[in-house]
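In the two complexes below, subunit A is the common chain; its partner is subunit B in one and subunit C in the other.
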Partner chain A sequence: MRRLLLGLVGLLGFGVLLDLAPRLGLVSERYLPPAGRILAALVEQADRTAFWNAVRDTLITWGLGLGIACAAGIVVGVVIGAVPVLREMTASTIEFLRPIPSVALIPLVTILYGPTTITSTLVLVVYASFWQVLIQVLHGVADVDPVARDTARAYRLDTWARVRYLVWPTALPYVATGIRLATSVALILAVTGEMILGSPGLGNSIGVAQASNAVPQMYALVLVVGLLGVTANLLTRAGERWALAWHPSVRNEVPA
Partner chain B sequence: MTPGASRWRDLLILRRFAAWLTLPTVLVAVWWYASAGSTDFYQPPLSRILAAFPDTWFGPRFTGEVLPSLARLGLGYTAALVLGIGAGTAIGRIRVLGEVTEPLLEFLRGIPPPVLVPVLMLFVGIGDLMKVLVIVSGCVWPILLNTVQGVRSVDDVLADTCRSYRIGGAARLYHLTLRSASPQIVTGARQALSIGIILMVISEMFAASSGLGFTVMQFQRSFAIPQMWSGVLLLGLLGVALALLFRVAERFVLGWYHGLRAVSRER
Partner chain C sequence: MRRHLAVLMAAVALLGPTACGNSNEPAAPGQPDNVTVGVIPILDVAPIYLGKQKGFFSKRNINLELAPAQGGAAIVPAVVRRQYQFGFSNVVSLLIAQSNGAPVKVVCNGNNSTGVDGQDFAALMVKGDSPITSPAQLAGKKVAANTLKNIVEPVVRASVRKAGGDPKTVEFVELAFPLQPAALQAGQVDAVFVVEPFQQAVLAQGGRKIASSYVDAAPNLTVATYFTSQETLTGRPDLVRRFTEAMKESLAYADTHPDEAREIIGTYTQIGADVRAKMTLPKWPADVNRQAVQALADAALGDGLLTKPADVDALLP
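Now for the complex of A and B:
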């Protein structure tokens, strides 16, 4: 209760600060409109179909990219992680490909798939979030308890059963972390792709608002993107708790 | 060590080296030969891309575009480290501060940093300051939040020991708080580095007139395709080099921690 109240005080304080700073002339209203005007712009945006279309496009790019990246990351990670030879052979390549900044691909996808298509942005999103998931899954698969592994072997569990009852539960906390990281990275890349490539979505709307000097609208859109990010964070964390309810790290957590 | 054992070890090292090298070599070879006869304007042969590389990047562009970009990244990243660790320590140590700022920080972190590019452009134009600020605004969150977590999870026994020995102030901050938070801080710093590289490029792609990201985009717009590919390669190499540099730094800062982990695992 105390935490909730203090947190609200913090948020409200920030809002009041944003409202007062331009009103008192600390910053120019042209750069930072009072919070009230931003909220008004937000309400006005909410009335337009264009806005909801942009939200939908962003959600589709984000969700689709994240889904593909997660599925590919988990499957590839489990396969590579379970076969020692494969892991040894691919380690250097993964180490090399992973730190390549995904934005380096922006000019490439532009010429290969065209600038304003959703595919271009999707490729960026998938590339960026795939590595987050893959690395975590590889760590997770490598973390299997030796005793549990020997037990599984002694009981002659077949490959499928070993993946299902040994590897998967061990890797799950890592997978959850990977998905959480991938979710925020995917949003960053989705919005970036929309802003720079101009594929439809909130990022594109922000770029348009900025170019046409519609400052309150731009802030309102930034606010919406921020809220999307927070919601995604809360959702993935809740999902993590739900999927890992049996795991000691969640079970032992003392409420602060 | 017997001669046989040492030969065995040499063989093992050789084997690991071979495993390390095989797949990258195969991939590059496949790219080289598959693209060798390519007449596709957009996908030139690898040989032409490599031929364009030195001319494109080792001339005046190196000091004119590449170095300034890296300097902005270094500046922004360092500022984010100082800010993130400083504010994170304060928020982690002072409970009320943590409770007041927590939802706000969650929200600010949720905003994808690229959307701040247009916002910051309003305030400071499109100069170097904007680019550095964009990098700071993206890098600071992972560092800050991980520092808060790390500072909060200081071992109780160590904290009590400090108290009974009356270790306080700067000594406590350095030897206890920052030291035990450092593994978490390094994790945050690693995440921040890859975000920083992304933002370095983005801040130069959106309404800019110089820098590495701008140059690569310019090549694409003017259909200088081999040069553009070489730019993509350069960005990739930079990412890899910075990741390696980070690993060296991590080994230096966290040497004690990895040693501790290795010992406790052996037991």
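Now for the complex of A and C:
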């Protein structure tokens, strides 16, 4: 409770600072309007259908990209992680592909799918967030307790049962971390793609506001993207607590 | 697990059609043709938005979709690859594309300067307290251009030349329009070449116009046009004809109804009503000004923007 209160006070303080800086002439009002004007612009945006369409488009690109990346990352991760030969064969390729910044693929996706299409941005989102999930899943699968593994073998569990009762519970905390990382990365890439490629969404609206010299509106939209990020983080954390309720890291009532 | 699989399949199924959605084939008889036009969300394209709203395209059996790209650079390649059937681009970009062998063909005029010195939708501007009063003084000075090696360079040079200065020594600095007012104010550049609504922004911070470069470049300069690819032109001549007709009607309507044009600009940009009321609109004649395009092509060749002459007659309709 105290933490929440202090957090709110901090947020309010930041808002006041943001409001005062331009009013006191520390920065030009033309380039950073006072927070009050930004909030007014936000209220005004909420009246525009175009704004809600943009929010919807960003959520679709983000959610779809994240969904595909998580599903693919988990399946590929469990398969590769479970087969040692596969793991050794793909390790170097993964380490080569993973560091490629997704934005470097912008020229490629523009040629393949055209600018302003949602597919182009989706490819960027999936590419960036897939590795986050995959790497975590690989670590998770490798973390299986050898004694537990031997026990499973001794009980002659079949492949499906081993994945379900041995690999999956071990990997789950890693998967949760991977999904949480991927969630923020996916939002970054969704907005970047929209800004640079012009696919529909909040990123595109920020670009349009900038090209219209509508400075308070631009900051208002940036604020909305930030709020989306915060909400997503809260949701993934809540999901994590729910899925890992049995795990020692979440069951803090049990002394470690 | 089965449910999880179903979600994955649904995601893949959703992704599928968007990846290969294409409208390069004629629609079934009686059905409208789906047409995507690559535009930039600026005031220049108000006629096409207005024409869509007024039904000039739908009455010609065209289901028009406008794809606002961030910056025009991506539009020419997307039209050539037929991801868009038509596009909006400034004349110099098209001249460069054409002289490099890209199969582009102008189908209709886009927008022109007002032709009135001092009252155009674009201006060469300096800071309020700048000692520069004439473009001739820009020799050896820094001028911001939104894109280098494009339309800004020849037209600004035209202003400098006309005022009796040395156009060769002007130094161009690449800076996006939204950044130019601040850069001018901070003294990072000596002059900027801005279009609306940034002309109003520079005026609001006390800046001065020293030339209307589009006007100096050629009388009633055609700044931008709508174009298509040779493939679309030869493959679907009827569609190109209907699009051109609808576009000409839209241009004529916008040119005679400036208030409606100002109104519609507010729907696809975020330009506030106060600025929309003040800003200078371009002219929207239905036909391309051939002589002006030729003059621009000659200037671009002289300035080294074009490495070989562009074939203006082949580019224009």
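What we mean here is this: the second predicted complex is superposed on the first by the 252 of 256 C-alpha atoms of A that agree within 3 Å, B and C clash if a C-alpha of one lies under 4 Å from a C-alpha of the other, contacts with A are read in each partner's own complex, and residues count from 1 in each chain.
As a working rule, contacts are C-beta pairs under 8 Å (C-beta built on N, C-alpha and C of every residue); 3 or more make two chains touch, one makes a residue touch a chain.
Everything numeric here is computed off the predicted structure, so don't read it as measured data.
K.L.:
A:110 in the overlay: touching subunit B, subunit C, both, or neither? Say first, second, both or neither.
P.N.:
A:110 sits against subunit B and subunit C alike.
K.L.:
Of the two partner chains, subunit B (first) and subunit C (second), which one does A:219 touch, if any: first, second, both, or neither?
P.N.:
first
K.L.:
With the two structures laid over each other on chain A, which partner does A:198 touch: subunit B (first), subunit C (second), both, or neither?
P.N.:
Only subunit C is touched by A:198; subunit B is not.
K.L.:
For A:89, is the partner it touches subunit B (first), subunit C (second), both, or none of the two (neither)?
P.N.:
first
K.L.:
Is A:7 touching anything from subunit B or subunit C once the two structures are fitted on A? First, second, both or neither.
P.N.:
It touches subunit B, and subunit C stays clear.
K.L.:
Quick check for you: in the superposed arrangement, does A:118 touch first (subunit B), second (subunit C), both or neither?
P.N.:
second
K.L.:
Quick check for you: in the superposed arrangement, does A:207 touch first (subunit B), second (subunit C), both or neither?
P.N.:
Both subunit B and subunit C are touched by A:207.
K.L.:
Just checking: does A:31 make contact with subunit B only, subunit C only, both, or neither of them? Give me first, second, both or neither.
P.N.:
A:31 contacts both subunit B and subunit C.
K.L.:
Once the structures are superposed on A, label A:68 by its partner contacts, choosing first (subunit B), second (subunit C), both or neither.
P.N.:
A:68 sits against subunit C, while subunit B stays out of touch.
K.L.:
Looking at subunit A, does subunit B or subunit C touch a larger number of its residues?
P.N.:
After superposing on chain A, more of subunit A is contacted by B.
K.L.:
Common interface residues of subunit A with subunit B and subunit C?
P.N.:
Shared contact residues on subunit A: 30-31, 110-111, 195-196, 207, 209-210, 218.
K.L.:
Which residues of subunit B touch subunit A once you look at their complex with the stated criterion?
P.N.:
Answer in residue numbers: 16, 19-24, 27, 42, 96, 99-104, 106-119, 121-123, 191, 194-195, 197-198, 201-202, 205-206, 213, 216-217, 219-220, 225, 228-229, 231-232, 235-236, 238-240, 242-243.
K.L.:
Tell me, which parts of subunit C touch subunit A in their complex?
P.N.:
4, 7-8, 11-12, 14-15, 18-19, 38, 41-42, 67-71, 74-75, 77-78, 81, 83-84, 177-178, 181-182, 185, 197-198, 200-201, 204-205, 267-272, 275
K.L.:
Note which residues of subunit A are touching subunit B in the complex, please.
P.N.:
2-3, 6-11, 13-14, 27, 30-32, 88-93, 95-96, 98-108, 110-112, 181, 184, 187-188, 191-192, 195-196, 203, 206-207, 209-210, 215, 218-219, 221-222, 225-233
K.L.:
Within their complex, state which residues of subunit A touch subunit C.
P.N.:
Residue positions touching the partner: 28, 30-31, 50, 64, 67-68, 71, 110-111, 113-119, 122, 195-198, 204-205, 207-214, 217-218.
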